[in-house]
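Next come the structures, one after another.
Both complexes shown next keep chain A, but they swap its partner, so chain B is in the first and chain C is in the second.
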Partner chain A sequence: MEQKAIYDLLAGKLGEGAVAFHEDGIEPWAEIAVGAVAEACGFLRGEPSLDFDQLMCLSGIDWDGFDEAGKGKSVGILGYTDEGSPETSDRQAEGDLGVAYHLYSHALDHKFTLRIRLPRDRAEAPTVSGVWATASWHEREAWDLLGIRFTGHPDLRRMLLDDKWVGHPLRKDYVMPDRWEGVPMDGKPYSANPFPATEEPPAGGPKPDGDTPPAEA
Partner chain B sequence: MAMDTKKTNGWADQDDVPEIKSELLELNMGPQHPATHGVLRLLLKTDGEIVYQVTPVLGYLHRCAEKIAEGVNYKQWVVYTDRFDYLAPMCCNHAYVTAVEKLMQQEVPERAEHIRVAVAELSRIASHLIALATFGLDMGAWTPLLYCFREREEILNLLERISGGRMLYNYMVPGGVRYDIPEDGWVKDVLSFITMLETKKIKDYNQLLTYNKIFIERTADVGVISKEDAFSYACTGPVLRGSGVKFDCRRNDPYSVYSKFDFEIPVGLGEMGTVGDCWDRYMVRVREIEQSCRIIRQALDTLPEGPYQAIELHKPVKVPAGAAYTRTESAKGEIGHYIISDGGQTAFRNKVRSPSFCNLQVVEKVGVGQMVSDLVALVGSLDIVLGEIDR
Partner chain C sequence: MSSDSKTPPSGYDVQREHMLDFKVDQQLAEVVESDAKNFILTTVDEVFNWAKLSSIWPVTFGLACCAIEMMATSATRYDMDRFGAGAFRATPRQADLMIVSGTVTGKMAQRLKLIYDQMPEPKWVIAMGSCAIGGGPYFKYGYHVVKGVDLLVPVDVYVPGCPPRPEVLIDGLMRLQDKIRGRKGRFITPKWVTDYAKKIPYRK
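After this line comes the complex of A and B, so read on.
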């Protein structure tokens, strides 16, 4: 079925929950309200004429600083300075977060893309892990890396990072840590030796080039 | 059985025998465990020898490559795709450049696509050989490992001659491939290698492992993934096909020049037990090796002359604003890239849907109620690679 026809069916079901359908661009997509996403996914999965039995991908997105004009002028990410200290910025991050759902139906061989936008200060979306089991891990990953909280998720823990990690790395305003578990994160070679090597070898020690026998007295 | 024990032991009818108390045992399988195929940790709760709960713990190999993608340009990030599935890096290269080219709406020279298909299928064979070898090893068969690694070595040599790298190639670039086919008879050597593989080596594997009685006993009817579970957990690749679903992105959602070639999609038939058991998944891989050989032969027989790059190597790639999800079939399953571009030289967001990540999740359901030794068979038959799970 064509994506537009799928969207019309969905909009008939959701009413005001369906915001818009974007056909321009390579991949058409439907924008729906955050509150309607669980109902929408349940409908897309359960309706026999749609039968979306596979959630191909669930992606969290941070739209902060996105160049809407499409000129490639988005705000870059924060990395490390040349000296190895984390970069910081005075800019206040304010863009929305988002989630994209890519669906596929094996039975009917059609695709559909849903997107939602979440306000940055209230990044919460209902879980769809009850509809497709695979969503569970994707949502944990989105929580881990982007800090999107999926309400109703049975087990929303960090997926890839350590439980003690602070912050969500894929956010555009994420500041890199300078140290993790005592190890500097500046990318320079790390040595646990508390006595750093000096330029000059200690006096009286072996010569740098080796094993010339001492002159006989 | 229990009744017999009672009788023969002779003490079971005494009333003062205390009731045997049992409790769940927590067991860490990994992260340093040979049967987890990398640094995967499975947190098991076992009741005796029966698995009560499986909780995979990931992230030991996490590099946050998706964050790096937002900091380097499109061509520079091809290197990182090598490091996802390091057993079939050409497939990962192919997936990424296909996704970038789809957003750019870039035409790729026919010759480049044929070369890409040939090297990606060689990589797929190498990955499947590792899958057979390590799966056999998990089941206690040492010899197939040595046989499979011998043939993989040949593939690495061939890929080294075309790309310069043995394991991580960085061979494909948006718009083509980095180097043309070398003039030293590479095509002839590839064709003679796959002929040898088809006529002789696969028979060897079948004799050594596939129809081995012990191997069948260990894998048939073990770890059965039903069709419904495979859909719900978004399993793809040999795992999905092992469950009897005839789906392959190369055929059902064609990319590159796969639609030109004639090949079959092997599926699990339940020959030794139930459809979707470990043996079926294993057998799908063996048969896919044969089909990959067919594809390589067709791709190289009809290799067109002409350019192999559409964009000059030193020129940076600019991708028009837009977003698209592109899926391709890697050795492990469907590898998808969701790239959002703002029109610049760097991806605004690049989400990677890796097949092993989705395939592994199914152990949370299917692993429950199995013996611990059967869990090893299940994880081995999924053929995961931690580089692309942790990314």
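After this line comes the complex of A and C, so read on.
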């Protein structure tokens, strides 16, 4: 079934919950309201003419630096300096967070993409792990790395990082840690040359192997 | 016994005495010249070092894609067992060498330190690949990567590459054997390497 037809079916079911349908870009996608996620996913899974039996991927998104349509330039992300210490900045992150649901039907061989937008200060979305069991780990990962809280999730713990980790690293205003549980996470100066230029091979001794420069190509 | 009271026995070589790094006294010279020629004077360190460097058993410990190259090094084509380092032990208590083959994350760092502490002395560490040397591609934005395993444990030999080929790992192992042997190996960087390193724009 064409994606536009799928969206029309979905919009007829949701009413005001269906916000927009975007056909530009690589893959069409539908934006729906946060409150309509559970109903929409239950409908897409249960409707026999749609029969989306697989959630291919559930991704968390940080739209910091992007405009309302989801287009724009990326912002500078904080990392480590050449001296190995964490970078800091006064910039406040703006823009929404979001979740994308990529669906697929094995029987009918068609795809569909849903997106929701979440305000940054209250990033909460209803879980869909009751509809697709595979969403459980994907939502745990989105919580771990982007701090999107999925209400009603049976076991919302961190997926990849340690339980004691502070912060959500894939948010674009995340400041890198310099130390974690006694483990140094900042590095030594990357620009320091470990070999002083004054160090010369001993004269008269046997030359070490490979002491000839490679031939110019 | 005074050395002036007796002349040295016949056959006692004065020059040989000066070649030794300790003073051979008269009594020892008598024993050497006597019929009881049943002992050898030598340094046992060379024998011990030879035994150590001929059986460097690594601990079975792979972290990332470098571990694939480490497995290839120990497999038939490259056969690290030719150098006595092919017996990967499944417990750190039987191992001499830890090849840190891959990215060291913050979570893994505590386990790595534990494994290193469990290994008996003498023990050596090879940092294999860019990640284990200095964080590699994760230096800038790796919030979870330790920027070099030498921040955690002392490293004997660094093997650069991403990942290093098996020949390079074997070369690193042989440099470690040189280090154990007490001989100065190829630790002096050739001048063209330092000159070339200055041209890399990331370096200051």
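Just so it is clear, the second predicted complex is superposed on the first by the 180 of 217 C-alpha atoms of A that agree within 3 Å, B and C clash if a C-alpha of one lies under 4 Å from a C-alpha of the other, contacts with A are read in each partner's own complex, and residues count from 1 in each chain.
Criterion: a contact is a pair of C-beta atoms (placed from the backbone, for glycine too) under 8 Å apart; a residue touches a chain by one contact, two chains touch by 3 or more.
Predicted, not measured: the structure shown is a model, and the values here were computed from it.
*Asks:* Based on the superposed arrangement, let me know which partner A:P48 touches: chain B (first), chain C (second), both, or neither?
*Replies:* The answer is neither, since A:P48 touches no partner chain.
*Asks:* Pick one for A:G15: touches chain B only (first), chain C only (second), both, or neither.
*Replies:* In the superposition, A:G15 touches no partner, neither chain B nor chain C.
*Asks:* For A:P169, select first, second, both or neither according to whether it touches chain B, chain C, the two together, or no partner.
*Replies:* In the superposition, A:P169 touches chain B and chain C alike.
*Asks:* Looking at the overlay, what does A:V183 touch: chain B (first), chain C (second), both, or neither?
*Replies:* Touch status of A:V183: second partner only.
*Asks:* Touch test for A:L161: chain B only (first), chain C only (second), both, or neither?
*Replies:* In the superposed model, A:L161 contacts both chain B and chain C.
*Asks:* Once the structures are superposed on A, label A:G79 by its partner contacts, choosing first (chain B), second (chain C), both or neither.
*Replies:* In the superposition, A:G79 contacts both chain B and chain C.
*Asks:* Let me check the overlay on chain A: which residues of chain A are in contact with chain B and also with chain C?
*Replies:* Residues 77, 79, 161-162, 169 of chain A touch both chain B and chain C.
*Asks:* Considering the complex alone, what residue numbers of chain C touch chain A?
*Replies:* So the residues of chain C in touch with chain A come to 106-107, 109-110, 134-135, 139-148, 151-152, 186, 188-194, 197-198, 202-204.
*Asks:* If you look only at chain B, which of its residues touch chain A in the complex?
*Replies:* Against chain A, chain B makes touches at 58-59, 62, 64, 66-67, 70-71, 102-103, 105, 229, 231-234, 245, 247, 252, 318, 320-325, 327, 334, 336, 338, 340, 342-346, 348-349, 351, 353, 357-358, 361, 365, 390-391.
*Asks:* Enumerate the contact residues on chain A facing chain C in the complex.
*Replies:* Counting only chain A, the residues touching chain C are 77, 79-80, 82, 84, 161-162, 169, 174, 176-177, 180-188, 190-191, 193, 195, 197, 199-202, 208-213.
*Asks:* Touching residues of chain A toward chain B in the complex: what are they?
*Replies:* Against chain B, chain A makes touches at 25-27, 29, 53-57, 59-62, 66-67, 69-74, 76-77, 79, 100, 102, 106, 109, 113, 132-134, 136-137, 145, 158-162, 169-170.
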